[in-house]
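After this come two complexes, each holding chain A, first together with chain B and then together with chain C.
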Partner chain A sequence: MSPLAPRLSPALARISRRAWIAVAVIAAVAAALALCGIGFGSTWIDPRRIVEILFGEGTRGERVVVLQLRAPRVAIAILAGGAMAVSGYLLQKVTRNELASPGVLGVIGGAGLGVVIFLALLSDESNALVTSIVWQPVAAMVGASVAIAAVFLLSGQQASSAVRLLLFGIAVGAVAKAATLILMIVGPIYRTTQASRWLAGAVNEINWGEVQVVAIGLAIAMVGVFAVARRLPPTDLDEVSARGIGLNLPVFRILVFALASALTALAVAFAGGVGFIGLMAPHLARLIVGRPVIPGIVASFLLGAIMLVGADLIVRVLFAPTEVPAGTVTAVIGTPYFLYLVLRRGSTNG
Partner chain B sequence: MDKAITVAALTVAYGAATALSAIDLEIPKGKVTVLAGPNGCGKSTLLRAIRRLHQPKSGEVRLGDLPISGLKEKELARHIGLLAQNPSAPDDMSVEELVRLGRYPHQSMLQPWSAADGEAIQAAMFGTGVSHLADRRLGSLSGGQLQRVWIAMVLAQETDIICLDEPVNHLDMAHQIDCLDLVRRLNQEHGRTVVLVLHDLNLAARYADRLVFLKDGSVVAEGAPAELMSEELIEDVFGISCRVITDPVHERPLCIPIRNSSPRFRADTAA
Partner chain C sequence: MPLASSTTSIRADPRIGHRSLFAGLALLLLGLMYLSLALGYRLYSPEEIWTALTAFDGSETDVVIRDLRLPRALMAPMVGAALGIAGVIVQTLSRNRIASPDTLGLNAGAAFAVVMASGLFGVVSLPGLSLAAAVGALLTSFVVFGLAAAAGGISPLRIVLVGVTFAGLFDSFVNVVLTVNETMLDQLLFWLAGSFADRKLGLALNGLPFVVVGAALAASLARPLDILQTDDSTARGLGVPLGVVRGLAFLAVALLSGAAVAMAGPVMFVGLVVPHAARALVGLGHRLQIAAAAMVGALYTTLADIVARFVIYPREAPVGAVTAIVGGLLLLVLLRRRAA
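And then the complex of A and B:
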């Protein structure tokens, strides 16, 4: 038995085992979908062939198509979708609110605005950054942190009523989106061509340099996530009970908010404001793996990745060669789902 | 008399409103102390201040000789357990999962799980009679069962001191007695020091070794129930004229309320 796995009673051990089996199945689906994502395009490449190319075989042409054109796009979709989903999982957990998510709390809007301001200030006329792209996620983090801080300061309490939190989150998100739109319109023409990314979220035109920045940032953030994961179970309790067993929830929440903002910022920095993955993926994860925290985090990541890779695949299949942002698909599916959650909540007066 | 907790000149305020003013109190070790008083007298605030859920404006709470302000969050949670007034946990959480949370303050990154944790959980569930419910979801339990499970969680914490904030508020009479009998057994068989907030005076008199009356944020009187339950004092603290007799079964004082004697109430009924 691994030293990290607490000794469990037979019942809890069974629940945990089932959760990990579910995670393995989800991982297999994610891998298969990623291969399809790389395979699909102007020419279909067989998944087996892709694996061979990834391991160093293939013609020069194949290598360029797979490694330079398609793989970065799928890689960023995996990382950004996964990061959003884990961010949503953390937010839902510490606010004990199933409606909480980076989009609904205005974090995505804030991160997007941060990036757009950064680009407006630090791009030259040929649309090239005058500084390192490493700063782009940092700008997103600043925007995300300002947004979430604003939401919680305005609503007065960290875990105030779900509806209150939501209203302020949506308001802050709307302001950030409006500001982003204004920057797009009054900014230089070349930036407008990217408007769809910052408003809806997309994964086209991604290069390995950007993937690398996100991957490194995400690796660091995920270490943080697994470090706080052990302290997540008490957050299921009310604030007084959580303190009773030794977790200072208000302080812990700030740490988790910071982490969730960083995750969202990493996703938004290059893929833009893809909505609703942070809401839907954690729900689906909990539905499939149940309550165990670490499998829940891993499953959220994988499902978020599946959603964004899948959304991108859908826009490519339906609209190629026109580039439609993948975020439109998640929004089309996510909005009705969100409304369903709000209505269900309203009907039970919860 | 050994003391578990000392409250010294403790003043707690909510903004401008003073909730507790200069409270001095000693909680005896190994006894059941009940904080009682009318609504808004500060009894819950005092319990919460003892558990450091309120920052005092002045004064301090000491655990033995140690000011609690210097303890780390988990350290404090290894000394004082707390059952909140309205505790809540997700409906789909299992009983065992909740009881396990009681071990949280004993675990750390370096010490994730030990045999002692498993034993404490089993003992806590056995002691509260919920072992057979271990795999049940919290949402499927009755109010009485749920309260036992919460007590099991606090018990698994293995603290010397247990604070319970109005633990029987929403229970029916049978479950009130059941729950408080359980608390007293924990005190007698396991030697835990218990601090209870109760607003039912007769339950307070029945279960307390030591009774503390609060009114308007001050301690009015403290002592054994037999000393404290006088008709004059009850009228003064609770604003009710009453007769006090001796409960023939438990030989504890029993208050029979006659009518509300507070001036404000009389003015209301006259108008």
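And then the complex of A and C:
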């Protein structure tokens, strides 16, 4: 401990306390929105009634609607939105690039390709999977990792330019998307229509089994994230600050990339490629809670969850009864924001 | 001649042999168009093709050749030529070797306009849809270049980032329209993948005037485009009316990529790949570059269309996916070489 530490710590503690209060507020908003997400539908269910039903009351009809139809959908939106946001937080931190997100770095495209290869190879004649659905996120993870590895190996030294790195990601993503399209035609028809829906980013038609797979995977990944996050400096992660805290930067970077792809893969495997959450949620989180890393990650998760639950709610309100992918809403909101970041002068090199 | 040797032409002497180069390309194209008729799920002999085209008697073979194979053998070269020329112009206008109607979002804008026109305004006529596509491409180019100009001029890389972002936005708009209107989904899904399969001959004939007018306009702009390659102040000093030339060039691009999209849907990255090949063959002069881009583009899409029939044989892949893989890989190579 340096002699400065005791003098700094009250200030740090104050910052950290303020950050956690902000996180608590965001969590309350997220919970309220989740209840609205469950309540809204062909029939409106009062939030208080939902809480009662969740705790085992209610008629049989209500229980089916809430527990079987609506709750899984909201649950997957929370988990997928949160996972995507944390993935974006990690990628932005480790690339020191405010424009980075799973979408533009080709991670979403790679994960989608992984899932389609998995479905095409391991479905039998009657379109049933010959293996457990548990392997679907694993396939997505392999695809996502290959994609991000390709982006960084190909970009090499150019990775330090924010805009160049993104273009490498976009090119890798485009190749992955085209390969996905071809494989969707090879694959069984039933799976194809399913795949085309989730590639656009949709959270409908989810069952508890799938929620369970995502939840367990996410729990494991988040343990890794927090273990890594404790080592992340609140400042930029560059060579100097890494050496200052005794970090083997290349190894650490690979670890963070692996975690980020795993998180994106979990989200994409069941909710599809919902764009821009991984870009916007971390920005908003840093705006609200500032630099502290752990509160930043928690806030990113909650804000990502809010965004996807909210986006899903919006498409349900605007387009009911048709099921428009929730990714549309995030694209409409995210595009102007991303353009603002790109066009803002002097924001990034390249 | 030091100037001539400094062009990027890969042939020994750039002054002689353009004629034989183009004759060779034309022969190659005819060969590929013949193969486009002959190859596929079923293979046809030259006699079968000849009888189907000259003495149509309604047999299954004749129907397949005349109604399924012939339209795509004619449409693929048209679409390739259109996108190739559009790519040359866009790359010159933005002085950007990774610009193309796709990376600037023009094709996605055209596709969105087609979906809107037929979904919301009930346009069904083929000329109407082609016009909608051209308008969509033109408006998108105004928005993308306008935003870039409003930001005080941005780097070639950033303008591509803006274009790609717009393409993504248009894609999700198309998704919304198609999800809300399911009957349209059936009609348009095959078209949106970018394919020459199942197109009627009328569609090709309908796109022809757009391609011809667009190509003629592009060719007439060859001289000013040569000068525009340098920089704005040089061009102005040489008396090139920048605004007029840019406006007409955008119009040509809109007609060409609009027609291509209306015919085949978004066939990805053709406009990115072809200009590089054209420059390698004939150098930087636009008269030859545009002509070469038309030939190379026609060859490229026709070949890609044949390849698409066999990559996942017996099924057929959308040609747009095949060209997207090739183009995406080339984009990676260009970025690595820092060509942009």
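Just so it is clear, the second predicted complex is superposed on the first by the 314 of 350 C-alpha atoms of A that agree within 3 Å, B and C clash if a C-alpha of one lies under 4 Å from a C-alpha of the other, contacts with A are read in each partner's own complex, and residues count from 1 in each chain.
What we mean here is this: a residue touches a chain if its C-beta (ideal position, glycine included) is under 8 Å from a C-beta of that chain, and two chains touch if they have at least 3 such contacts.
All values reported here derive from a predicted model rather than from experimental measurement.
**Student:** On the A-aligned overlay, A:322 touches which partner chain: chain B = first, chain C = second, or both, or neither?
**Tutor:** A:322: touches chain C, not chain B.
**Student:** Who does A:291 touch here: chain B (first), chain C (second), both, or neither?
**Tutor:** Once the two structures are laid over each other on A, A:291 reaches chain B alone.
**Student:** Touching A:149 in the superposition: chain B (first), chain C (second), both, neither?
**Tutor:** neither
**Student:** Regarding the shared-chain residue A:246, is it in contact with chain B (first), chain C (second), both, or neither?
**Tutor:** first
**Student:** Regarding the shared-chain residue A:233, is it in contact with chain B (first), chain C (second), both, or neither?
**Tutor:** The answer is first: A:233 touches chain B but not chain C.
**Student:** For A:12, is the partner it touches chain B (first), chain C (second), both, or none of the two (neither)?
**Tutor:** A:12: touches chain B, not chain C.
**Student:** Going by the touch definition up top, name the partner, chain B or chain C, that contacts more of chain A.
**Tutor:** Of chain B and chain C, the partner in contact with more residues of chain A is C.
**Student:** Taking the superposition as given, does A:54 touch the first partner, chain B, the second, chain C, both, or neither?
**Tutor:** neither
**Student:** Considering only touches as defined above, state whether A:122 meets chain B (first), chain C (second), both or neither.
**Tutor:** A:122: touches no partner chain.
**Student:** Of all the chain A residues, which ones make contact with chain B and with chain C?
**Tutor:** None.
**Student:** Can you check the complex and tell me which residues of chain B touch chain A?
**Tutor:** 48, 51, 53, 73-78, 81-90, 92-94, 96-97, 101-102, 104-105, 107, 109, 112-113, 115, 117-118, 134-135, 153-154, 157
**Student:** Which residues of chain C touch chain A in their complex?
**Tutor:** 98, 147-148, 150-152, 154-155, 157-158, 160-162, 164-166, 168-169, 172-173, 175-176, 179-180, 182, 193, 268-269, 311-312, 315-318, 320-322, 324-325, 327-329, 331-332, 335-336, 338
**Student:** In their shared complex, at which residues does chain A touch chain B?
**Tutor:** That would be residues 3-4, 6-7, 9, 11-12, 96, 227, 230, 233-234, 236-238, 240-241, 243-248, 290-291 of chain A.
**Student:** So in the complex, the part of chain A that touches chain C is made up of which residues?
**Tutor:** 154-156, 158, 163-164, 166-168, 170-172, 174-175, 177-179, 181-182, 185-186, 200, 275, 319, 322-325, 327-328, 331-332, 335, 338-339, 342-345, 350
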